[in-house]
Amino acid sequence: MTAAAELLRTMQRIRAFEEALAQRADRGFQLFSLGQEAVAVGVCAALGPDDQLLTSGRSIAAALARGVDPVAVMAELLGKQTGTNRGRGGRGHLAQPSRGFFGAHAVVAGNLTIAAGVALALSMRGRGIAACMFGDGACGAGALHETMNVAAVWRLPLLLVCDNNGYSISTPQAAALAPQPLAALAEPFRMPARSVDGMDVEAVRDAAVALVAHVRGGGGPAFLECRSARYATHSTSTRETRPDSERAADRARDPIRAQQQRCEARGEADAARCAAWDAEARAAAAAALRAADAAPYPLAASVLEDVR
Amino acid sequence: MTAAAELLRTMQRIRAFEEALAQRADRGFQLFSLGQEAVAVGVCAALGPDDQLLTSGRSIAAALARGVDPVAVMAELLGKQTGTNRGRGGRGHLAQPSRGFFGAHAVVAGNLTIAAGVALALSMRGRGIAACMFGDGACGAGALHETMNVAAVWRLPLLLVCDNNGYSISTPQAAALAPQPLAALAEPFRMPARSVDGMDVEAVRDAAVALVAHVRGGGGPAFLECRSARYATHSTSTRETRPDSERAADRARDPIRAQQQRCEARGEADAARCAAWDAEARAAAAAALRAADAAPYPLAASVLEDVR
Amino acid sequence: MSAAAPAPRVFFREAIGRALAEAMGSDPTLVLFGQDIGRFGGAYREFTGLFERFGAQRVRDTPVAEAAMIGIGVGAAAAGLRALVSITYMDFLMLGLDPLVNYAAKACYKTGGQVRVPLVVKATAGARGQGVAHSQCIEAWLMSVPGLTVVAPATVADAYGLLKSALRHDGPVVFVDHKRLYPTAGELPTDAAEVPFGQARVCRRGDAVTLVAHAYMVRVALAAADELAREGIACDVVDLRSLAPLDVATLAASVARTGALVTVEEGQATCGVGAEVAARVREARGGEPFRVARVAALPAPVSSNPILEAACLPDAARVTTAVRTLLS
Amino acid sequence: MSAAAPAPRVFFREAIGRALAEAMGSDPTLVLFGQDIGRFGGAYREFTGLFERFGAQRVRDTPVAEAAMIGIGVGAAAAGLRALVSITYMDFLMLGLDPLVNYAAKACYKTGGQVRVPLVVKATAGARGQGVAHSQCIEAWLMSVPGLTVVAPATVADAYGLLKSALRHDGPVVFVDHKRLYPTAGELPTDAAEVPFGQARVCRRGDAVTLVAHAYMVRVALAAADELAREGIACDVVDLRSLAPLDVATLAASVARTGALVTVEEGQATCGVGAEVAARVREARGGEPFRVARVAALPAPVSSNPILEAACLPDAARVTTAVRTLLS
């Protein structure tokens, strides 16, 4: 299978996974990446096994793109003992450092300084880089500034990835953030920065590959802004505020459809093959959901375990 | 008297004041602005009576340049009841909002967000702008980023003044800060920014006047970096770390001597007149010190006053 | 309460919205700051309609930047406006403690009375399935800060009345609104009044034991009292309402009658509200003995996991057990 | 203590420096972060020589950015290093509470044990003429955070021993070094040992009253005990050393003998260490009565003004008065 097809299939798996999980509204709200799959998938295509990825609370796509077992992710999101975090982290806190997914953190911008520390540890231990995904919302936070500055002064191996879906809950980017594009934030710190179409998985991947090469080569941090669009509401329990027209326009640039068309155009996969992959992804998601449903909850008596 | 001579005299008064206070080592440590007088004086020359100035802990020059009564400043620094803050604020917390000196705050970068709030209040009340002085050390802090962003989005009437003396205690700028010049920090926020020689009081004043005009005109915030040099140690109780050669070079570009030479060259004041002004400044400082010495300490019983 | 009109029942968010709307209407210097409080109306719709009525100058959507939100609120309040800053979850207040504690709480003192900071920080506390970094109750930290007033309503009437008081106070106030109160409703007379700081509310009379709680835990304490009543144990239930200042007189009077005190809080027991209440009552009682027990969260982070969250937090069963153990 | 060599007297900063140097030497993954801790050697020269010996990679001068300092320390520790972050004054810890409390203290729990954070945050507390925003003691806040260990030495030996323990612990520890201890000296045997967490130290024996303190206030308590001894009042003085976990057994045993407890702390009384100590002792004593008084800072900011600072803070006179009042 070609690399382009792999990108497509990973996005299909994420989409199928989230759509399957969306059926479980009874299990608490979720933060989906529907529409934003290309960002996580493109970035992860540029990372290696020794690297670590940190994300914001919106983390399902990233965890799956990084290769974390979907059954364990599903179990975690449903609060089961077999989850990645033994059911204790849940939505917003998925983690599996052993798979290079250092984890999600639901405090907006709260993952940035942590990521710089992870980058430092990796560099002092001699292998790997850290990548950190955050939303446009995090760009107003001081932690980004502090992180960019220290990372630049110390030349930390850190790739900062702004998954800019244009909104912080209901607040549009322009109402909250003066810089335009957000990648401009990196300029004073004299680190390479790129702003790309986050709905184009290959564009994301290509930019990420270039910046990762810089970071891995000891050049210090880099900044990648991916302009994406979120199809669903902020979380499954948040009310929608965007006009229908805007949402329709967003839906029109579906990263999965675009990649499928690209694969077809290039002759890397025909429509039937793509449909088969999609069916496979849906079957796997359904299986993950069944496995998670069947798994036990943690015991109430375990509430004081792993506190310190 | 000419404007240039006024600038000179204000700097002389500040220098004399701090040198007089330096005799009182027994009264706790102090944070002097020796060498940095031109920054506060140049900036204050651009402010009007409705404006408010906030500063970092290094605030004597700013308070005096803003026109706060030196007797009250001296009393405050010696912990006396007749001080600006009734002796409760002391070094690092001088304030007299009624004189347009909103005050000092000794938490590095802690004054920035406050200043943005003051700017908002002034703009909503229809007059005045806020200016906020901070050191290079504050430029690594997230509060600067948050402040610049909100100020830019809301077009707050805020002049940010970085009094860059090149050091945060012992840490040279380059060891702590990636941006160069520091004024570059303002660029992503699309506000006007200037970096000027902070040892040249007219250069500071001219840049401040231009940026204040922008701010006052509703254009939103602006950023002024003044490259200065601190002659003394960080505080009177801090050990010196800079090489003698560097300190000598700093001393060679004395803002007061430079302004005096300028006045003389322009024929605005001859050497004798400048010396007389200096003597006057020293006499006034000595008088302020005597008055402060004579004033009472606050009563221990007042410790719970003004808590809420 | 007006004799004429029966008090209408309103939701918690409506009580807050009404207090805000009235204060905005009567005080043109009042400005609101928060994430998604404008057209969106706030996480719990408690700001609904304010943006439309008072405009973007006075109802300000902010970036996600809690330090700046609080700092700007503080500075604006210190310079002549009145500010309310909405912190979506109290956990994020940690990001803004520097301007709140190091500046706002000290401004009046350190300037010798020149600067006052009429600021309200509304911080939504407590657990409701949102996980380890969105569930904390840190009001005990704030109680300890000289210069801060801290209030935490448990009812619709107190949400309204305490917020009205906070919005007229001339110093910084933290207003703690608990997530689990948002689905609750209660009576709010049209002529509802301000609730002064420093006055606890005895919400149930009994003489076997004093239960002390605040915010959502008042409901838990009342549920426990209901159950205990069936066993013949009559509880005095005191709703603190105001954590700083504390109404020690009401607490001490209750304990004088009951001789037993059980404190209930959703935050941690360690250095918590209950420890302070017990200490103050003891000081006020001048050595007269009484029994004490504390009920609080277990010493663990509060997971979003429903099993673990429930295991961590106090509920009526834990309160009744504590009471029975104490009295036995 | 070794019988052969008499224990040399060293300054507080030297004890800290020695613990750091030894830990750096034996654990190559240990990295230090702080403002001016490199060539400058730290505000109290407690880092002197470490930069020269271990280099710029492991002794890192940071910008003034407490959130990043702590966050980077946390991240580095979580990803396989061991980190010590020096916060010049505990007041500034407020700027870094988000990574410390919302991430580090919860990382192990929320990842189901996958991530451990061997981090020490050294935070210098207390008042010594530095004013309202440089004098606070907020260790009580930290004590209440599940997942955090909090220690506060009062002596040279404990500064060394607790720091050594902290630098081997596999979770986050806050190490509180009080400013006024820096001019003090004490014995530090060359074979000085680690001091385990959760063990208080009885530093003076008596059976009239138990004085409990930590950090600099242990010296104040001892001075008060000296004075009270002259009046025939014999004090048990307990140095907590470890605030979380608390050594309740030692405290309860002392109070069992004396029947009276006076807590002394430099922070605020409200929700403070003393309130917690009293509550825990009470819980441990199962209702056996004892008398209690708290001595703490007055509820005001701590001014740099010498008169006001002294008026605000506990001193031996306030402790002796509290003891006499309690026992009378």
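Letters A, B, C and D mark the chains in the order given here, with residues in each chain numbered from 1 onward.
Just so we're on the same page, a residue touches a chain if its C-beta (ideal position, glycine included) is under 8 Å from a C-beta of that chain, and two chains touch if they have at least 3 such contacts.
Bear in mind the structure is a predicted one, so any value in this text is a computation, not a measurement.
Among the remaining chains, those touching chain B as well as chain D are A, C. Computed centre separation for the pair chain B/chain C is 41 angstrom, with centres defined by C-alpha atoms. In whole angstrom, the spacing between the mean C-alpha positions of chain A and chain C is 36. Computed centre separation for the pair chain A/chain B is 46 angstrom, with centres defined by C-alpha atoms.
Looking at chain A, one finds that residues 87-89, 93, 105, 107, 110, 139-143, 146, 149-150, 153, 175-177, 307 touch two or more other chains.
Of all residues in chain C, those touching 2 or more other chains are 62-63, 65, 67-68, 91-92, 98, 102-103, 109-110, 131-133, 146-147, 299-301, 303, listed in ascending order. Arrangement of the chains shown, judged by which pairs touch: all-to-all, with no pair of chains left without contact. Only residues 139-146, 148-150, 152-153, 175-180, 184-185, 187-190 of chain B touch chain A when the two sit together in their complex.
Residues of chain B that touch chain D in their complex: 28-29, 79, 87-93, 105-110, 137-142, 168-171, 175-177, 239, 241, 297-304, 307. Chain D contributes residues 67, 91-92, 94-95, 97-98, 101-103, 105-106, 109-110, 131-133, 138, 140-141, 143-147, 244, 267-276, 278-279, 282-283, 287, 289, 291-294, 299-301, 303 to its touches with chain C in the complex. Residue ranges on chain C touching chain B, taken from their complex, read 29, 31, 57, 60, 62-63, 65, 67-68, 70-81, 83, 98-99, 102-103, 108-115, 146-149, 171.
Residue ranges of chain A in contact with chain D, taken from their complex: 52, 83-89, 93, 95-98, 102-103, 105, 107, 110, 112-122, 124-125, 130, 142-143, 146-147, 149-150, 153-154, 305-308.
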